[in-house]
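The block underneath contains the structure these notes are about, expressed in structure tokens.
We just call them A, B, C and D in the order they show up, numbering each chain from 1.
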């Protein structure tokens, strides 16, 4: 199937065109980028259509000497994330339309290359290719922050780069260990994830492998104590940079946990689960509280990301289908809603030249459309029903409740904290007496409205039809058998035979009540 | 418009939702008045459709149709969380949706004049329509999780509308407070729903799934807690949601501040409909509550305590809307008391009559405020009987109904039914009854205090009175009519009438409805006459204290009490002061929670910047130390490089010499 | 013996003049000392039986390359400026480490020299003809590469010279006209 | 001792002198001249080696050193001129300091 190759190539071609057109005006780069991302979005929709039946894959030899192959494959999870990526890609180009005036061509080249890297991460089924995509994301982001960022851009760019890069070294070591173990056991060198999954590792080995992978991915997520690069990077990045950073780059960390770390070392994941759950829950509250104390719009939203991602990681590690679905939903919703908040922050910064809440206030009068969008995104961020966030959080809380009731209760209060900072964003900006800084504020342009409209539409669709996200995770539905055959079936197989989400014994230790008749997994 | 003989139910919330969508999407192209017209039309259509559905349900051939049910599609599907998008129209939903759309329609019409010329008129009507749609989803959802959509939706609309005049910071803070406090309750509700799903399977969350209610009793244990205790816990968690939404103790503090919104908003959201969602919730989950006497007792106790509490606060307020706000809290307390003593249908009946007379009072108060150009302090009013004759009469009808003037008002019949139940059902006791009676007396006093001060005597301040137009007056007259006659559909049987309301709800509540244990008609008539007499005594006390000839209480002009700054109380006595500030709950919560939260946030913010970031900065500093070390070799001066090269050459040569075999 | 008569004085001259190159303050003097030093080395070549190289040394090295230095020094007219800035004697502390290292290096080099196995002196000196044959026969590739190096040097010199003669050129070449 | 061996000692002395020049002098022109001294010393070593072994290769390498030195001087001096135009000095310490600012 060449579809996947096309999906990866489309932004690359766009980058080439935008780069070669450097002698023409800036419009050429913008249109080239828009065409490339638009085409990519279209392809992603087609992909969504195909993966309903079966996974789509393409493979060709790449570096046979070490057993690396150019192997792309899309199952439900990948397809959903690819759709999110391409969607945010279009939004990123649109939102940069008026904002970026300096070195427009180079900017779009980096933006599109970034998309290539993200797509590779989401689609690669080969460790080398995955790692290539993983590192490819770093460089464009580094330049997007470092060149087009705001006042403290260099510091933030370097901090971002160092954190992620350090993490990825741990990840590489763990992956190479599995690679050589596999080679020793099977007598052939292969970087195929599917092959590596067959490697049998002892519990101790799994512990160490998971530790390495976890450090690499947790930095990217970012999990609570490793998060400090995030607020800086978000604050300094240009609008589209923040959007993609929040919407996609963080998701690659979660995706890595889902796709690589947990299946590769299930025993390790089980051993780490209590610690990770603790960190995730701590992150939910910590992020929310710290977000509330911020004065800087983008910093606030950045800390709220930590809180939201806490939900995602929690959903992953409670190890039941509800949590897993909730985590996936929450990834998509967070990308859309927090992305939307970053768009507004960027638009405001571009107009008012400040991100400080003290300088805002009473904006609604001048910018009712922006106000409406901000209101929607703030409401989505606090999880109002009707937006996808509510369902994502509900699933995670429900899953946590199913896992340990007190965990669900604690987590539920995270929503209250989310309400506190989300309302603060809205009220500090739009409400209150009119601030002199924004006396001549213009309302949003139609390009910006279009960009934000896409996000709003996505959130509402997910809010009322969450099955568009969760249904592709289950196919064929009857293959969802737990790896060890234990009851209840707390395991959602992403793809039969290849990747099985580890069943955490923590959960199955607790038998369901007698009258609990609902099937755990969808029939 | 019919599907398998049933009316299409989704049209009911869809019509106002479509109106809201229309207003928001084309708000730049339309005038405020056009938005008002669209909103009114959509709510009218909605009301018409509700009436049509209701008449179909009531006149169904055979007469035993209890509900319409319509499943639209599957919505949530994850383990224990199963939910559809679907609508369920039974008799509870019927009553609530008639009130929501009917009273909503009158208030929409009223708003067309009241809000005329307001800058945010389009926004206002958009949110009002959205509110009506959400509220209808709330009362018509076919399962509890879908109901939660409406539940949160009305909360959000309430937030938007309280903060309608957003340029005053205190309005925004009030809006935020309302949202956060109710959300605290919502979290309890959510946990309660999850627990219910866990206990009896997801089907329990379906409104039509009450047949399986007995499964609840068979639940063994969960998390180390016995089944019967679990049912109490689940019921109490749901009660938490109801308490938050309905402004009951201890989460009542948001409602008085919510009066910052426009008056029609207060009438619709904070009096007639949204705040009674808690009543709806308890009534809807009556089967669960009926399983746990402890939970019922808690409900009744909270209701009685809130009723009494709010009545004591209402009696000293100076702001006309705050009086009505406390009165609303108090009256909802009555409803909750009714539910708690197992009198579900009287509880809903009180909701029904209260919706009319409280909406009427708010709208009339709004008309007064409108006529006086925004004056809200009752001590700046007075003598308005003549210039605002129509409004006066309507207000008087509402106040009489609120006070429960016997026999002729709706409020009397509904309140009396609750009081009687509180005394005589198996859940009731004398304490609850006494609290109810005391509240009734206080209610009567503050109602007529309001009437006396506002409408009688001489004007205390010169006002240029702006006469109300027809759109402002006619909704008042219609509501006044219902505030008087709505009670006649449930006159108790001892008076020789036919209690149609009781019979209407008998199939819904069935065994859960606690019947009176006393079957003495003389006793019942005595009690009724007693409570009626109390209302009249209260009115007389008010007349004696606030009679028009007497000097008015010298009251400083005080703005509406806001959350930002504590309003200076007009009273000298500290007791009156404490009452004026709602028993100082605000100060307590502020010290306990708000300040703690802010301090925690600030401390953690500092912690993140200094400690967490500091650890990584330390690592960076170590690297920087190496940097300065290596800078000796790389200081961008050629001689230094040459020196280093020389040293390198020396080292290599030394190695070579050492390695020469000797 | 003849050779040694030439060798020793030439070596002494070369060492002394070389020292003067790095010790003198005036760049013009330094260049002239360098030329002298090169001439001394040329004589050493001669004494070692390489007359052709001795000629090359004088003609190409001293005559062409070093004279370039002279041109630049005169062109920039920096004699006075340099005298002030280029303080001849670094402080003694600064000299300790390089001095020590240099002495160590020298000693070690000499040790290497004496440690090597003695070589039988070659009988005949190499004729210019043999040199030419080896150069264009065995080492023709090196000749081509040298040509390339010279070409690159020339191009580089020209380019840098252009940039220096017109400071704006560089700016303009980046922002190419549209 | 053979003259060729003595010439090697001479080459070592000259080379070391050049090294000292590079390290000690702060002026770009002098540094370049010191580099030339080192080149020359290296060439001398080659020639001495050639004489020692009676092979032409050492001399040929001296011939190769010549164009390298020529190219080096051409570019080095051109750069020196540029540097002088930009900083109005050839003092390496001054230049380095002004670049750091």
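One rule holds for everything that comes next: contacts are C-beta pairs under 8 Å (C-beta built on N, C-alpha and C of every residue); 3 or more make two chains touch, one makes a residue touch a chain.
Computed from a predicted structure; not experimentally measured.
Student: What chain is most central when centres are computed from CA atoms?
Tutor: Answer by centroid distance: A.
Student: Distance between chain B and chain D based on Cα centroids, please, to the nearest Å.
Tutor: 90
Student: Measure off the straight-line distance from the CA centroid of chain A to the CA centroid of chain D, and report it in whole Å.
Tutor: Averaging C-alpha atoms per chain gives centres 59 Å apart.
Student: As a quick test, compute the distance in whole Å between the mean CA positions of chain C and chain D.
Tutor: Computed value for the inter-centroid distance: 5 Å.
Student: In whole angstrom, what separates the CA-based centres of chain B and chain C?
Tutor: 94
Student: Of all the residues in chain D, which ones touch at least 2 other chains?
Tutor: Those would be 19, 23-26.
Student: Residues touching two or more other chains, restricted to chain C: which are they?
Tutor: As it turns out, chain C has residues touching two or more other chains at 98, 102, 105, 109.
Student: Can you give me every chain pair that touches, using the contact definition above?
Tutor: A-B, B-C, B-D, C-D
Student: With touch defined as at the start, can you tell me which chain B residues reach chain A in the complex?
Tutor: Touch list, chain B to chain A: 24, 27, 73-82, 85, 119, 123, 145, 148-149, 151-153, 156, 159-160, 163, 166-169, 171-173, 175-176, 179-180, 183-184, 187, 190-191, 194-195, 197-202, 215, 218-220, 222-223, 597-598, 600-602, 604-605, 608, 612-613, 616.
Student: Which residues of chain D touch chain C in their complex?
Tutor: Listed in rising order, the residues of chain D that touch chain C are 2-10, 12-14, 16-21, 23-27, 29-30, 32-34, 36-37, 40, 44, 47-48, 50-57, 59-60, 62-64, 66-75, 77-82, 84-85, 89-91, 94.
Student: Help me check something: in the complex, which residues belonging to chain C touch chain B?
Tutor: Against chain B, chain C makes touches at 97-98, 101-102, 104-105, 108-109, 111-112, 115.
Student: In the complex formed with chain D, which residues of chain B make contact?
Tutor: Its residues touching chain D are 635-639, 642-643, 646.
Student: Which residues of chain B touch chain C in the complex?
Tutor: The contact residues of chain B facing chain C are 643, 646-647, 649-650, 653-654, 656-657, 660.
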